[in-house]
Every structure is written in C-alpha cells, then in structure tokens.
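Here come two complexes built around chain A, the first alongside chain B, the second alongside chain C.
Moving on, here comes the complex of A and B:
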C-alpha cells in the first residue's frame, strides 16, 4: 500500500472555498491591524533605513531563521528558538499540503506527498509538533511558575501561549482522529511515521465510526478557526513581534556601533535640538516600541537598573510606545523622568543583547540633548561645574590648562608645538593628564613606547578634553566646540597615527571626529601594544600572576577589542579567571555616558557591584584598560571594603614592569 | 523699571600663580571667567525679568576682550549688554571703577528708571567688596550687601525686603528703591545657556561706551583717578608648619604620621 494520505479527508473539497475566503479574511485583519499602526509610526521623523538593501535582507534572513541573537541567552532563548524552528517546520509543512492539494494535484497532476518522502514528511512534522509542545510547556512554566525576576505577565501572555497550545494540540487531535479512522486500521506500518498522531489516535479508538467522523470534522474546524485567530491576533498581541522584530533585523543601523548623529549647529532652520516629544523621534524609534517583546534582557543587564536606579531600558521603550499611541504631544522627559534619562551610562549592554535590534542608547542621548541644549538642564550642580570647567579650562577638574602637559616632565617625549616629527601622537585625555592615579598609566605607556623605539608626541597644553563626557550628556554644542579646536590643532601637525590610553577618547577621535573632518588612524594603546609585541618591537619577560580582566564598554562592546588585551596579559605571564560578566557581556564601571563627572546619588554603587564580581573570582588583581574604569574601581575597592583582597592596575603598568631591557 | 547687573571678567584665580621674580600675576594659560559672585547677580536680575518682566541690562567695565563675558550674559537672556571700555578707564581702583559704573547707570536711568542694581559681593581677583557700595554711595541708592534671598518687592510703595547672610545669623532688612544689592552664592543657582539662546546671542550687538559717551573728567577715572595703588604683590612665605609624608602615594601612612604629630604636641585627646 502506498504511503500517502488523502488531503481534505472527511472534509471534502467543498471546504476549499470557505476555507480560503476565511483565510484571506484573517490576513485582511492582520494587514488592517498593522495598517492602523502606520500613522503611529509616521509621527516620527524621516530616516532612511532602506539603504544597503541586499545586506539588510541577508541580515534579516540570518537573524530570523538563525535565531543567533535569541539563542545568545540560554534561559528562555533555547525554548524560543526550538519552538520557532518547530513551528516554522509545521507552517512550511502546512504550506506544502496546501500547494499539494490546490496546485500540484489539480494542475501538475503529481503527488509529492507519497512514498518515502511522505514518510519523512510525516515524521518530521510530528517531531516538530511534539518539540513545539514541549518548548511551549517550557515557556509556560518559565512565564507562570519559575518566573525569573523582572518577567512580567500581561494579557498577551495568556492569549498567545494558550492559543499556540490549542493550535498544536488540536493539530495532533485531527491527525489522531483521521488515523484512528484510516491508517491505524488499514496501514499500521505507516502510522509509525506519525508518532504524535499515533498517540492521539488512541483517544478515538473506542468511538463509533460515525461519531469519529463528526468529531474529526469538529476538530478540523476548531483547529482552522484557532489558526485564523492566530493570524488575527498578530497585530494586536505580542505576536506582532513575528513581523516587527523580524523587520527590525532589516532596519537595524548600518553605521559603526555607537555612531551618533552629528547635529549641524550652523543650520539656522533647526529650532528643536534633541527629542522633547514623540514627533522629534524618528519613525524607527517609535517602531522599536512595537518590536519589543519585553524579554527584559536589556533591563537585567542594565547597570543602572540592577543598582536600583530609576532606569529600565525596556520600560523606556514601552513608555515611548505608550506616548506615541496615547499622548503624542506629551513630554518624554516628564514621562520617563529626568533621573532615568540621566542614569544611563551608555554602556550599550541593552542594545548589544537586544534580540529585537532596538536602539536604546541614541534615544536616551537625544532626550539628553533636549534637556541640555534646550533647557540647560544637568543631572546635578557638580556636573554643571565640570561642564563649565571643560568649557573654560578644557578639562572637567577646572585645573589650569597650561599644566596639562606637566605630567610628562622629565620623560622622553616630544611636545608637538616644539617637535612634531613623531611616530605617534599620544592623545592623553583629561584623566591621564591631571589625575594622579591615571598619570601613572600615561607614564607607563611612554616607557613602553620608548622601549619599542617609538617616538611619541603629545599636544601638551594645547590639548583639550575630547568632548566625550559632554557629548554623552547631550551637550553637542560644547562637544563640537572643543572637538573643533582639537581637530584644527591636530591638522596643523603632520600626524600619522593617534594613540589613546582612554577608550572614550579613542571612540570619540576614531569615530565621532570623522564627522567633523578628522581622518587620521586612531588606535587604543591595547591593540597598539599588541602589534608591537607581535612584531617583536617589544619583548616581555613573563612573570606569572593571577588576574581578572574588566572589558571597558567602549573598548569591548563598542570597538570589539576583547581578545588583544587578554593576549598581551597572557604574554606577560598572566592567568585569567573571568568574571561573571565579561567580553560582550561585561558590566559597566559606572563612568560612561558622562557619568564620570556626575555623582552617583541614586541606588547602590555600580562600581561596588563590579568590584564584587571581581573579588568573587578569587583573583587578587583586576586589570583595566580605561582611566575612567580605573578611577571608579579605585573608589569601589575602598568604599566596597575590598582593599585587602583586590588591587586594580592598568594593563600598561603590567606591561611596563616586564619589558626586556 | 530697569534691573542692572554689574559683572566683571576676571582671571580664573583658582589657577593664578604669582611670578616670584616680578611679583605680578602669571596670566599665561589662565582663562577668563565671569566673576563667580557676579554670575549670581546676573542670574537674580534674570529671575526678576522672568517674574516681573523687568528689563535687564548687564554692565561691565574692562578691556575690549570683555565682550566674551558679555556675550555669555546675552546667551542666558539679558536684554542689553554694555561694555564700558576706554584707555583712560584702565588701571582703575575701586573708587574710579565705581565712578565709571555709576555714570553709566545714571545714563541708563535717564531712559528708564533704574530700580535695582545687582553686584557680586566681591570679585575673586580684587576681593575688596567696595565697588558695589561705591556705586550705592555715588548714586544715593539704598545699599544692601551680602544678600542671600529677596524676600519681597513692593512696587507700589517702592520698597524691597531682603535677607542678608551674616556670620552666624541672618538679617531681614527693608529699604526703599532704588537699591544696590550685593549678592552671595547662596542666592541662586545660575542658569546654563540653552543653544537657541547661544545662537541668538551671536547676533546680538554689545554696545561699547567709551569716555566720549560718558564724558567723565579723565583725571577722575582710571589710573589717574585712583588714589590706591598696588606697591607689591607677593605670596606670603610660610613661616610655620611643614609637609609630612606623601599623601598621594601613602595616604594611610601619612594620616598616621599626622596623628603621631598631633599626639606628640598634645593636641589630640586619646
């Protein structure tokens, strides 16, 4: 007997027309639902996210079908991805049945669903169905029983989970009823290829043939109506993410990570800087709210949220969505609260982990721009003072700008003003220039360069703050002012390469300054030293030590420099014990986003939380690569009472000690 | 009614060092700022503008580069900024300075009655605290110094009530308008210029009044009109005390040294 099955068995071809009419009606509801969202998204400003078309399509296909971003977090992610693939197989299988019934058979007169292929088809679909039910059960238990911290239960969760359950169960019941009437009696050998149906079929063995046929019919229609319900529910429940989140994989930005729109301050027609209300956002910013599935991954990685500050990146996205829908002229900063907006360290952990490609950080920056540029607001008076200091003295401390190069006294170093024929320009930055602890990093870096025969120049008193902290606090005006002065100055010298010890200067000079006309290669000292080592320009005598390593946000997540520093430290004789959060999952020190010049008044201290993670490794040494992190950790070690168990040192200090003379 | 704030551009004296050889201020590498107390005077004039719609004028006597500071006054919202600048005004002491400022205020008073003149309690470079009182005396205005709060203004009775911040106490006083008020830092928190205001301020003109406008006797202003003159500026030698330990590299050890020292001199009870 040939292995196949009769499509529309017991239903007859009479159902085809009403079935298609209803199906199209359901698609109509789906389309109508999204059509109604259009004016909400359109409240935002224009933004081109349809360039790089082919690459965008490729990225979307790979992210949606590969599920890599979802899978990155095992908890929840595994259930979702396996469920997704299983459901996708079921959907594809159903499509194949549709084509077979209404195209291959009547038009092409071939039956694909027969023989060995049918057996495989049947087995794969049944396994997919069983897997989908198991995964759904997992998701159900996670949502309603184990319920991890921060996971909310909303109306959609009941609807979606129950609907999917019902669809899968009724699917197996129809199959079981059909098999009870057909295969189980006529071709039991074939039934083995439908394990789910075989199991479900046992329920119907006691029914009389007549009752069985009626039951099957009822189940068929029930299953069909549920599926229609599923399509109708897409735009009105979290199921919308099937389309919106997928679309976001297409719409995600193509610019370098951390790119910020440079405002044209000369443009007289601009009346609003930053975003005050919904209409100041881009349409994509509003769309992001529809792409959010409340998976809370952003929130549980947010250094502000996890230390009890009033910021949740997830809530912020939701609030934008609620305003866009209900109160588009409402104030964003009042709805979200200034405290929440100022709490962000721009560490990018939220954006990096977001499986929906939501862009949290720039939204916050734009809100800060509005607060700073339009309202002259600050997170605190100490910030106002520091910002004024940057404007007046070119550094947040308010120290004399003429003393900026004093740290280099007695070192083998050129001040560009006097001798600009150098291999690299070392852009020192405010902290390494003025802060006692961080001056050691600068001096060690010079020691390293000297040993490698690299001639280093500095700008000395001509250098000014790169503008990063003020830019991240929204003060684009002051940023561009100080940046323009630096750029103009650097351009007067024949600079071949710029090296920084500060990841914030690094990001700003390498990426942000490009928009303002500086196009000179910029490198962070970690990769620069690594290259010196690889080219044998620099040799180290390894000396064993145990350490844990902190990936600063602006080096790791922003610039993908994760391996090189570890490789240097390995050469130096270090053996690493990684912290709970490292690499792309690293946890901010608290100083990003301009927070370095702000006091941490709300919640608990982020630096102490990070120091706790470091001491938990048991390693006696924490190695950092950023003057801001260094400052926060020196502080966190003291206030967190870890002075006896942990020291923090910069990578440059470790390297400088081990140089082969 | 006009509200005037007198502001001075000063070197950021937290940075100022004195050249030990020439006994003059080392100006190189020292940025100019608005005298911090004056920024509170300016802010208070703007608050009165916000509340009562009074017109505000910022006045400054100084060299031509003072326009930078007056631009900032525009950027936070004054209606008019006037620079009093003339070669013959240079080198003035407090007496001569108050003369020029008073002349300018009188000139403004002819167009619109001046109600309040705000000054910082003193400048951070001169520290005399005399210019404000000098203006009040010359113009015959009420003189309220060290004000940390405006309690009320009665425009009908032309009276103002303020709180003065004195050592260990406050004093609430009332005086008739017009009034000269010198302010302390506690009075308010100066605002930060918004970008639209900054951009707007770029186009605003700063009026410069020289002596051809004020028509003062050149002998009574500037260096010539100044009875005080500085004979010497110097950093006082430290004749007592010593630096112990290394607080930067060994804070704990240094603290112990200090405690030992205090104990040895019987200054610390155990």
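Moving on, here comes the complex of A and C:
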C-alpha cells in the first residue's frame, strides 16, 4: 500500500473556499492590528533604519532562525528556541500540505507527499509536535510554577500558552481520529511514522465509524478556528513579538556600539535638546516597546536594579510604550522618574543581552540631555560642582589645570609642547593625571613603554578631560567644548597614534571624537601592550599569581576587548579564576555613565556587590583595566570589608613588575 | 524696574599663584578664571527678581577687566541677564577698590538703577569695599552680606548674616544696593537654549578711561607668598624605612630622643 494520505479526508474539497476566506479574514485582522499601531510608532522622529539593506536582511534571518540571542541565556532560552524551531517545522509542514492540496495536485498533477518522503514528513512533523508540546510544558511550568525572579504573569501569558497548547493538542487529535479511521488497522506499518497520531488514535478506537467521522470534523474545525485565533491574537498579545522582535533584528543600529548622536550646536533653530516627551524620541524608540517580550534579562543584569535603585531597563521600555499609547504629551522624566534616569551607569548589560535588539542606553542618554540641557538639572550638588570644575580647570576634581602633568615629573617622557616627535601620544585622562592611586597606572604604563623602546608624549597641562562623564550625564554642550579644544590641540601635533589607559577616554577618542573631526588611530593600553608582547618588543619574566579579572564595560561590552588582557596576564604568569559574570556578561563597577562624579545615594553599593563576586572566586587579587573601576574597587574593598582577602591592581602594574630588564 | 549686577572674574583658587614681574600682583600664567563665587549669588538673585517682575524689568550685568572677563559676562547672560556692559581695563587688577567703585558709580549714576546687586567680596582681593562704596557714591541705601532677599513694591526685605551666627533682617526702600553672601541661593546652571540666546545679547564695551577719573587711594606695595614657617611631611614606603625616617626626624627636629 502506498505511503500517503488523503488531504481533506472526511472534510471534502468543499471546505477549501470557506477555509481560505476565513484564513484571509484572520490575516486581515492581523494586518489591521498592526496598522493601528502605525500612528503610535509614527509619533516619533524620523530615523533611517533601512540602509545596509542586504546586511540587515541577513542579520534578521540569522537572528530569527538561528535563535542565538535567545539561546544565549539557557534558562528559558532553550525552551523557547526548541519550541520555535518545532513550531516552525509544523508551520512549514502545514504550508507544504497547502501547496500540495491546492497547487501540486490540481496544477502540477504530482504528489510530493507520498512514499519515503511522506514517511519522513510524517515522522518529522510528529516529532516536532511532540517537542513543541514538551517545550511548551516547560515554559508553562517556568511561568506558573518555578517562576524565576522578575518574571511577570500578565493576561497574555494565559491566552498565549492556552492557545498554543490547544492548537498542538487538537492537531494530534485530528491526526489520531484520521488514523483511527484510515491507518491504524489498514496500514499499521505507515502508522508507525506518526507516533503522536498513533498515540492519539487510541482514544478513538472504540468509537463507531459514524461518530468518529463527526468527531473528526468537529476537531478539524476546532483546530482551524484555534489557528485563526492565533493569527488574530498576534497584534493584540505578546505574540506580536513574532513580528516586532524579528523586525528589530532588521532595524537594530549599524553604527559602532556606543555611538551617540552628536548634536549640531551651530543649528540655532533647534528648540528642544534631548527627549522630554514621546515626540522627541525616534519611531524606533517607540517601536522598541512593542518588540519587548518582558523576558526581564535586562533587568536582572542591570547593576542599578540589582542594587535596589529605582531603575529597571525593562520597566523603562514599557513606560515609554504606555506613554506613547496613552499619554503622548506626558513627561518622560516624571513618568520614569529622574532618580531612575540618573541611576544608569550606561554599562550596556541590558542592551547586550536583549534578544529583541532594544536600545536602552541611548534613550536614557537622550532623557538626560533633556534634563541637563533644558532644565539645568544634576543628579546631585556634587555633580554640579564637578561639572563646574571641568568647565574651569578641565578636570572634575577642580585641581589646577597646570598641575595635570606633574605626575610625570622625573619620568622619561616628552611633553608635546616641547617635543612632539613621539611614537605614541599617551592621553592620560583625569584620574591617572590627578588621582594618587591611579597615577601609579600612568607611571607603570610609562615604565612599560620605556622598556619596549617606545617614545611617549603627553599633552601635560594642555590636556583636558575627554568629556566622557559629562556627555554621559547629558551635557553635550560641555562635552563638545572640551572635546573641540582637545581635538584642535592634538591636530597641531603630528600625532601618529594615541594610547589611553582609560577605557572611557578610549571610547570617546576612538569613536566619539570622529564625529568632531579627529581621525587618528586610538588604542587602549591593553591591546597596545599585547601587540608589544606578541612582537617581542617587550618581554616578561612570568611570576605565578592567582587572580580574577574584571572586564570593564567600556573595554569588554563596548569594544570587544576581552581576550587580550587575559592573554597578557597569562604571559605574566597569572592563573585566572573567572567570576560568574565576566566577559560580555561582566557586572559594572558603578562608575560608568558619569556616575564616577556622582555619589551613590540610593540602594546598596554596586562596587561592594562586584567586590563580593570577586572574593567569591577565592582569588586574592582582582585585576582591572580602568581608572574608574580601580577607584570604585579600592573603595568597595574598604567599605565592603574585604581588605584582608582581596587586593585590586591594574594590569599595567602587574606587567611593569615582570619586565625583563 | 532697572537692575544692575556687578561681577568680577577671578582666578580659580586651586590655581598656582606666583607673583608677577612687578611683584605687586599675581602673574596670570597658568591661571584658570571663573566668576567670583559671591557674584554668582548676586546674579542668581538678580535673575530671580527679573523673572518675578517679568518683561517690565531690565537686568544689566557689568564687569571691569580685560577681554577675558567677557567669558564671565556670557555666563551671567546665559543665566538670565538681559544685556551687559564690559568696562575694558587691561590693568583692572592694579586698581584699588575706590577706583573700581568709582568706575561703577560713574557708569550707573545716570542710568536710574532701582536695585544693584554685588558679591559680598571678591575671592582674590577680598576687600569687601566695592559694593558699599558704590552705594555711598550714588547716595543710595545699602546692606551687606545678605542671605535672604525679597522685594515687594519698592521695598526690599533682606536677611543679613551677622557675626557669631546671628542673622538680622533689614528693610530698604529702593533705589538700593545689596551685597550677597554664601547661603543666599543656589546659582542655576545655564540651560543650552539660554546659552544660545546669550550669544545674541548685547555686550556694550566702554573703555575704562571714559568712566574713571579718580586716583588710587591705596597702593599695593608687594605681592609675595608668606615665608614658610612650618609644614607637614607625609612619609611613604616600607614600614621599616618609615621607622628609620621617623627616628631621624625626631632626632633632628626635636629633643625627644636626646
């Protein structure tokens, strides 16, 4: 007997026309639902997210079908991904049946669904269906029984889970009913290729043939109506993410990570700087709210949220969505609260983990721009003082600008003003210039360069704050003023390469200054030292030590520099014990986003939380690569009572001690 | 109502001060300049009154000095002053308080200002004489070191900081001059739209020679750091070395170990 089945068995071809009419009606409801969202998204400003078209399409296909971002977090992610692939197979199978019934058979007069292919088809679809049910059960238990912290239960969860269960179960029941009537007795060899149907079919074996046919018809229509319900529910429930989250994989930015729009300060027609209300956001910012699936991955990684500060990146995105829909002229800073807006350290953990490509950080920065530039607001008086200090003396400490190069006294180093013929310009930054603890980083970096025969120049008292902290606090005006002075100055010297010891200076000079006209290669000292080591310009005598390593946000997540510092430390003789949160999953020290100049008045201390993670590794040494992190950790070790068990040192200090003379 | 606020641009106190070539004032090399702190309180209070009174009011900011003082003037304009007078004087630092006050008075005498705000004193010279002398020269009422200010239909109610933590409340009829003290208010940070607007506001430049006809009453004889009498030493390094160093110092500088 040939291995195939009769499509529309028991239903007859008479169902085709009503079926298509109803299906198109359901698609109409789906389209109408999204159409109604259009005016909400359109409240935002124009933004081109259709450039790089081919790459965007490729990215979308790979992210959606590959599920890598979903899978990255195994908790929940595994269930979702396997469910997705299973459901996709079922959907593709159904499509194939549709083409067979209404195209291949009537037009091409061929039957694909026969023979060995049909057996494989049956088996694959049944396995997919069973897997989908199992994964859905996993998701159900996760949502309603084990329920991880922060996972909300909303109306949609009941609707979506029940609907999907019902669709899958009724699917097997129809198959079972059909097989009970046509396959179980007649062709048991073929029935083995439909394990799900075979099992479901047992329910119907006692029915009379007439009852079986009626039951099958009822189940068929029920399944069909449920599937239509699924399509109708897409725009009105969380199921919308099937389209919006997928779309976001296409719409995600193509600029370098961390790019911030550089405001044109010459344009005096602009009356609103930053984001005060919904209409100041871009359409993509509003669309993001519809792409959010409330997976809470951002929230559970947020250093502010996890230390009891009033910021949840997820809630913030939801609040934007609620305002866009319900109160578009409402104040964002009042809805979200200034405390929440100021609490962000711009560590990018939220954005990095988001499977929906939502851009949290720049929304917060734009809201800060509104607070700072339009209202003259600050997170605290200490910040106002520091900002004034940067204006007057070019550093947040308010120390004399003329003392900026004093740390270099007695070192083999050129001040550019006197001798600008150097291999690298070392952009020292405020902390390594003025802060006693961090001056050690600068001195050690010079020791390393001297040993490698690299001639180093500094700007000395001519250097100013790179402007990063004030920019991240929203003060684009002051940022551009100080940046312009630095750029103009650097351009007067024939600089071939700039090296920084601060990841914040590094990001700013390497990426942000490009918008203002600086186009000189900029490197962080970790990659620079790594290259010196690889080229044998620098040699180390390994000396064994145990350590754990902190990936600063602006080196790791922002600049993808994760392996090189570890490789240097391995050469230096170090054996690492990683913290749970490392690499792209690293946990901020608390000093990013301009928080370095702000006091941490709310919740518990982020630096202490991170120090706890470091001491949990049992390693006696924490190695950092950033003056801000260094400052926070020195503080966190003291206030967190870890002085006896942990020391923090900079990578440059470790390397300098092991240089082969 | 017409308001005047007088400001001075002073070196940031964290700067490194060195005597200049004449040895009568400090050299301007390596100095960072900013608006005198007390004058910021004066500007803030004047702007608040300007905002309270609305467009029937005009607020002028005045500063004496070389071209660099325009930076301080721009900040005052960005904070909310309407227009500015820059009295150009490259040798302002050599003028004594009498001459500065006489210059301001000469500028203000026929302008009909109802209230003049100044800082309590400057952070660099610190004479605290200019405000009161201007009031005297103009023959108007004056009160100093105010930490509270209210103005209602021509009457100013000011809270003054007196010595020993005592506060006094005075009432003055306009025209009047007040000098402002720390604690009066928290000066605002200019918003970007206001910074942009300030760029278009008028700054009238007046050569100091047009206004100043007075000779100095006090001459600065010398500007020099006081002779070093004592100081602290911070010892750093290994504990064993530190012990040696401490013993050496104790032996050398004290009689404890003799």
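What we mean here is this: the second predicted complex is superposed on the first by the 661 of 661 C-alpha atoms of A that agree within 3 Å, B and C clash if a C-alpha of one lies under 4 Å from a C-alpha of the other, contacts with A are read in each partner's own complex, and residues count from 1 in each chain.
What we mean here is this: a contact is a pair of C-beta atoms (placed from the backbone, for glycine too) under 8 Å apart; a residue touches a chain by one contact, two chains touch by 3 or more.
Note that the structure is predicted; figures quoted are calculated from it, not measured.
Steric overlap between chain B and chain C is present once the structures are superposed on chain A. By the touch criterion stated above, A:399 is placed in contact with chain B and with chain C alike.
With both structures placed on the common chain, the touch criterion links A:436 to chain B but leaves chain C unconnected.
In the superposition on chain A, A:273 makes contact with both chain B and chain C.
After overlaying the two complexes on the shared chain, residue contacts for A:378 are found with chain B and with chain C alike. Within the superposed three-chain model, A:233 lies out of touch with both chain B and chain C [touch as defined at top]. Where the contact sets of chain A with chain B and with chain C meet, they give residues 268, 271, 273, 373-376, 378, 381, 384, 387, 392-393, 398-403, 461, 476-477.
Across the complex, chain A is touched by residues 12, 14-15, 28-31, 33, 189, 191-196, 198-199, 248 of chain B.
The touching residues of chain C, counted against chain A in their complex, run 12, 14-16, 30, 32-34, 186, 188-193, 195-196.
Chain A meets chain C in the complex at residues 268, 271, 273, 373-376, 378, 381, 384, 387-388, 391-394, 398-403, 461, 476-477.
The touching residues of chain A, counted against chain B in their complex, run 265, 268, 271, 273, 372-378, 381, 384, 387, 392-393, 398-403, 436, 461, 476-477.
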